[in-house]
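One chain, subunit A, links the two complexes that follow: it is found with subunit B in the first and with subunit C in the second.
Coming up: the complex of A and B.
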C-alpha cells in the first residue's frame, strides 16, 4: 500500500524511503489472523522494536517464539494440493505454440487466455507455463492414443529462445505480485488507444506538426540573433539589466532544449505507431494494469504501465541510447498520469476506433472498470490530495522529479530481474531562479530595522523563490 | 541552524544569484512628477551592470590547469554571488581564514567587513556539530536499550515492556527536539600550537594561504557568459585545450559546458557532483539554503554504457535521496563545423549547436507500486 506523502513534509524524503522498507522482514501475525477469521479488511501491522542480538532473557525467547509460530500457522493453515474434480487440463499445441483448454474454469480466466469465436479457449505459452507452475492447470500433450502429462522441466524445454524465456520470467514475476499483464502485441481484445484512429484527425495533426516545425525554426533564428548579442563582449557596455530574471533570460538563449509533449494535443502530435528505429529490437513487450477486481478482459482500457524488456547479457543488445528511448516514448500508449487530474479517460480514448464512452454504452453490460481502491466499500482508502492544491514550488518540484511520459525497463541479468522507471524530464521549461527584486531589502537603516523586526515573526517569507514558467 | 531554515543574514548575504548584479537601486518613477523622470533617467544612464574591477584568476599547471582566485575579497564575492568555486582548504565555501582567526582568537580587521567572520557559522562547523549530536543521541538510545534489557532480566511482563518503550520513545523524541533547539556555541580560542606561528605575519595578521579553485566550466561561464573574470574566453579556451585541437579533445569540455550553462541559465546553482558519483548536482538557490535535489550525469546521446554503470550511479544517488537525471547532449551539426567555429573563436555558434534532452532514471519496485 503506498502512502500519500503529507504536504508539509519535504518530498525529498518521500519515495526512496519507501524503497528501503522493501528489505525488511514481514510480520506474519496479522496475516495468520486473516487466514483464520477471513476478514476482508487488512490492517498493516505496526512494527515493534528490533532486537539486534540475543540477550538471553526469556522475554526475547517468547517474542521470537510468537513470531515464528505466527508464520508457521499461516503456512500450515492453508490447504494445499488440488482436487481431481476441479482439475483443469491444458493441452500444448506444438503447431501454434499455444495451449488449449477444453473445459476452462477458474479465476484466471478473468485476466488470462482468450476464447475464439467458436468458443475454444487458448492460453499463450507464457500464460500456460505460469499457470502450470502454480498448479492451476495441469499440462498435457495430446497424442493420437492418449494424453501424456508434461512436467515443468518439459515445459521449459519448449521455450523457443532466451528472449521468450526472459519474457516469461518477467511476466511471471509481475503476475505473482498481482499485476494484470498482457502482451502488447496481442490484438485479440478490443484494444483501447489514447490516439484517435488515423482517419479522423491525421490531416489536422500533420498540419499541426508542420506549423510546429515552422514556428520552431523561426524561434530558433530569433534566439540565435539574440544570443549573438548577449554573449558578445559589448553586451554589458550597452545593455542594462534591471533584474536578475532579465539576466537569466539572456543566458537562457544559448542552449536549445528538447520540446517535451505534455498536453493531449502535443501527445497526439508526436505519437508513432511502432518504435521507429530499424537497428534496435527494443519494443514495448507488456501492458500492465495495477491489481484490480473489475478488470474486463475483453476491453481493458488503457494500461497503467508499459514494459520494455532488455537482457543485460545479450551481446547483440545494449542499454537503450537516447534515440531509442525517444522512439519508445513516442510509441507509448498508456494512462499518462501527468495529464490533468480528474481527466475523463473514457471520453478521450478510443476503443476499436470509436470513442470509448460510446463504445461502453454500446456494450450490453456496462464494462466500466474500477480499481479496487475506487470501491467505496473499501474503508482503508487514502485519498490523495489533488496536485493543484499544493504550492507552485511543490508542483514544480514534482514535475521535475516525476517527469512526463514514462515506461518501465525490465532488466534481465541471468535470472535476476530489476525494474527501472525511465521518464522524460523537462528542465528546459522550468525556471527556478530566485529573484531578489521580489524580496527586495531596502537599504535605508530605518527600513532595515523594521524588516529585521518583521523577520523574527516570519522568516519563511524570504525563503520562497520565484517560479516562472516559460 | 540547518539547511532550509535560512535566516535573515544569509538572505542579505546571498541576495544576488549571479556575480553580475542587476541595476536595482533606481529611484522611484512617479508618472505625474517629471522631476522623478529626470532622476530616473540620470540614474539609469549612469549605472551599469559591469563589475568595478574584473576578478583576477591565475592558471597554474599545464596538463591539468588549476584555475585559482587568490584575493580574499574576490573569493568571498564569487561564493556569495552564485556559489562558484571551492576553497582549497575548506569543504566548499572558502572559510579557512575566518575559521583560523576564530580558532586563534585573532581579530583580523580585513575580515571585519565580511559578514562571514562571526555572524555566520561555517558549514564545516555545522557538520561537525551535527555528527557530535548524532553521537550523543546514539549514546542516549543505548541507555534506554539497557533499561529495557534490565527489565527483561528482572522478568517484566510484555505490558510493562511496552509501557517502558513508550516512555523511552517519548524521552528520546524530547531529547532530539532539545538538541535541535540548541544554538551553536561560540567557540573558545584554542591554545596556540608551535606551527600556528607560521600562520601569522609580522603585523599580527593571518597570512594568505587559501585560494578558490574554479572548475573549468565555471571559469568558462564567468568569462564567456558573464564578464566576471579577467581572462578573455579565447585565451581561456586555448589554455584549457591547447592551440590546435582535434574534435575528440574538445568534445568532453563542450558537452559538459553545454549542460552546465543549461542548468545555470534556468536558475539552478550547479556544483560538482563528484561526491555523489555524478557530474553535477543542482541546488535550488544554493548550498546554505537547501540540499541538492538532482544529480546530473552528462551523456553522449548515442553512446550507451553497460547497465551496471547505470545501476551503480542510481543506487548511490538514490541512497542520498536525490533524483538521478541523465542529461543527453546531442550535436546538431558536423564535427568539422564545430572545429571551424573553434578556429574562428566563435563559441556562441559552438555552444548553440548542441541540444539537451533529459531523462529521469529511477529504480522501480513492483511491490511498492500496486495501488
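Coming up: the complex of A and C.
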C-alpha cells in the first residue's frame, strides 16, 4: 500500500493532459485517509518543478493552485495524534518544566527521557514537545480530578524564551534526521570524557601547571626569533638563499602560526572546562550520536558530534568571536575523528572517573554498547581504507580540508536551519609550498631503503608524514 | 481579513519570541498575501524528514510588522513565562475545558466508528461474505469488530489552543511594535519596498543575504534575488571585496546580488506605498 502512494503523487504532479478534468478526486485524499491509521509514508515525494517567473497564463495558475492545494490538504489532513490502544499520556508539570509519563512504553525510551530512582519517567521539555508533535505521546496537564488535553500551540507558548524555542527547533531537526541527541548540560546519565578526571590533575603541583601554561602559550603561538624580533631586510645578509626549497623553508619560519592540538597529549593539555568561559552565552548545546540500535542511554560514551546554536537574527547575539570559538574548541569532548584509526575508545576515555573499559566490565555484559557494524559476523560492513595507505599529498590535502578539532554551528535564520562545520586547520605546520626535492625522493629506489630498514620517507624535514609522527 | 498572531513576550530579557501561526486557515490567508513564513513542526506520518513540515508557521519580524501595518494582523500578547498563568487558568476552568475536549472527542469517535463499520461492511460485501444465509455469523463478527474498532479510534492532538483565550493578556501593543521596529532596523524598509513590488520574501542566510526574493509563490517559482542588509544610501560605503564576493556567490546560486540603500527615514506610522529605498543589483559579467 505504501508503495502505491508516491506513484499517485507523481501522477498528480505531472498530469498535464487532462486539464479540464481537475474536478476528479484528489490523490492526496488517499494519503489523508492514511493519517487516520497512523501509517508512515515510506518514500518522501520530491519537490516539484519550478518556473522562472509568473507569465499570467492559466496553465501556470492551475499548476500553482494544485501545488498550494496539495500543500494545504496535507496540512489539514495529516493530523497529529495516536489511536487509543497505543496512546501514551504525558503530563506537563509547571513547577519543574518537565513532563511526567505514568505508563511509559515505546521505542523513544531507548534514547530519550530519564527514570528517577523511584522509577518515575520524566521527559525534558523539548523532548516532550518533539514527541507530542509526532503523536508519540499525548500531552496533558493534570488538575485534581481531570486530565486536560493540551494543544500544540499550548506547548509552544510554554517555551520560556527565544533561545529555548530555537534550541527545540534544532533538536527536532536533528531528531527527524535520525540522530540521537542529548542536551550537553544533561547530567542524568553516566558521562564519559576523553579527559582524565580532575582528581588526576590536582596531583600535579601548581608550579608545574604554571610552567605548562607559560610554555604552552608560547609554543601555541609558535613565536620564534625569526618572525617576531629579527625580521628585517637585514635578514638577507645573514642568510643566503641558494635554492628555491630553501626560500620556501625560510618563508615558513617567517610567518607566525598557531600550533593546534593534534595528538592525545596535546588535547589533554589544552582542555578547559566550560565553566571557565562563563563570560559568553555561547556554549555546546547538544551531544549528537549517529543512529545506532544498541545505544545505551545510561552510559552512551563519547558523542560523534557536538553542536553549538546561534540565532543569526537575534539582535542580542553575534557571530562567535575568535576567542569564543577558541573557548569552544578547548572544551570539546567527543570522538576526535583525526586521532589514529582503530583507536580503542574504551581504553582511553573515562566514565564516572574510571577508565571506560573498567566501567564497562563492572556493568553486566549485556549493557555494553556495541554497534551492529562492530559485529565480526556482519559481512556487509564496508571497511574503510586506512588513511595511511594514501599518498602523502592526498593525506596532506585531507588534513587541510578536514581540519582537526571540529564542532557544528547550527545557524537559525528565522526558521531555516543551516549547519556549518567549524574546525581548526593547520596551515602553519603543513608544507604547502611546491617542493621539487620531495618529488626526487619519491623517485628514488625503494628497495635499497627497505633492505637497510630505513624510513622510506627520506631525510626531508618538511615531508608531510613526519608531521603526523610528532 | 485578519490573522491572529500570538506573540510571546519575555519581559525578563526584554525580548520578543518568534511569532508563530497555528491555524491552517490563517496560514492560507497569509499565503494569499504573499507572506509564506517557514513551517517548523513535524509532519506526523512523515516524521523522519525535514523537507515537508507542518504547523506552526514561523514568521520573520518584518513579516509581522508588514501585516500589522496593513491591518491584517490581530496581535495577542502573552507574558512569558506562562506556565503558572496557564496552570492556574486550567485549574479554574478544568470542568469546562474537560467537557469541551470530551465532547470533541466523542464527536470524532462517532464519525470514525461509522466510517470504520461501513468500511468493514463493504469489505465483506466485496468478498461475497455478506449474504443472507450467514447473516447471524457476520452479526457476531461485527460485534467482535466493535471492540477492535474501539481500540483503534484516533485521538487527535489539536493544533490550536482552547486555553489561550482564557489567559491574561498584555496590552502594550505599541511597545511591542516599536520594539519590533528597532529590532529590524533599516531592513524593514527594504522588506516593505520589495513586498510592495509584489516580491515574496524569505530568510536568505543560506544564499548569503538577509532575504531572498521570489517573483511569486515559492512553491512554483525560483527566487531571483539575494537581498543584503540595508545600508544608508548617502553615507554607508560599499566594500569592494564583499561586492565581488557577493556577485560571484550570486552567480553560483543563480541569483542577483541586491543592495538596498535607505534614502529617507519615514515616519513609522505612515502607511503608503511610496518607496524609501533604492536598489542596485550586481551581476558577475564573466566578460573577457
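One rule holds in what follows: the second predicted complex is superposed on the first by the 293 of 470 C-alpha atoms of A that agree within 3 Å, B and C clash if a C-alpha of one lies under 4 Å from a C-alpha of the other, contacts with A are read in each partner's own complex, and residues count from 1 in each chain.
By our rule, contacts are C-beta pairs under 8 Å (C-beta built on N, C-alpha and C of every residue); 3 or more make two chains touch, one makes a residue touch a chain.
All figures in this text were calculated on a predicted structure; none of them were measured in a lab.
In the superposition on chain A, contact of A:418 is made with both subunit B and subunit C.
Contacts of A:400 after superposition: subunit B is touched, whereas subunit C is not reached. When the two complexes are overlaid on their common chain A, residue A:391 makes contact with neither subunit B nor subunit C. Contacts of A:110 after superposition on the shared chain: neither subunit B nor subunit C is touched. Of the two partner chains placed by superposition, A:362 touches none, neither subunit B nor subunit C. In the superposition on chain A, A:154 makes contact with subunit C only, not with subunit B. When the two complexes are overlaid on their common chain A, residue A:320 makes contact with subunit B while staying clear of subunit C. Judged by the touch definition given at the top, the superposed model places A:263 against neither subunit B nor subunit C.
Shared-chain residue A:294: touches no atom of subunit B or subunit C. With the contact threshold set out at the top, residues 60, 173, 177-178, 312, 411, 413, 418 of subunit A are in contact with subunit B in one structure and with subunit C in the other. Contact residues on subunit A toward subunit C in their complex (touch as defined above): 31, 34-41, 44-45, 47-48, 50-54, 60, 63-64, 67-68, 71-72, 74-76, 78-85, 87, 94, 97, 130, 132-135, 138-139, 141, 143-154, 156-162, 165, 169, 172-173, 176-178, 312-316, 411, 413-416, 418.
On the subunit C side of its complex with subunit A, the touching residues are 6, 8, 10, 12-13, 15-18, 20, 22, 24, 27-28, 31, 37-52, 54-56, 58-61, 78, 80-84, 86-87, 90-91, 94-95, 97-98, 101, 112, 150-164, 183, 202-206, 215-217, 219-222, 224. Within the complex, the subunit B residues that touch subunit A are 4-8, 11-12, 15-18, 20, 22-26, 44, 47-50, 148-149, 152-153, 155-156, 158, 161, 165, 224-227, 232, 258, 261-268, 284-285, 289, 291, 293-294, 299, 301-308, 310-311, 314, 318-319, 321-323, 325, 328, 330, 347-348, 351-352, 354-371.
Across the complex, subunit A meets subunit B through its residues 1-2, 10, 12-13, 16-19, 21-22, 49, 55, 57-60, 62, 173-174, 177-179, 223-224, 227-228, 231-233, 235-237, 239-244, 246-248, 251-252, 254-258, 290-291, 310, 312, 318-323, 325-326, 371-373, 397, 400-403, 408, 411, 413, 418-428, 430-434, 436-437, 439-441, 443, 451-452, 455, 459, 462-463, 465.
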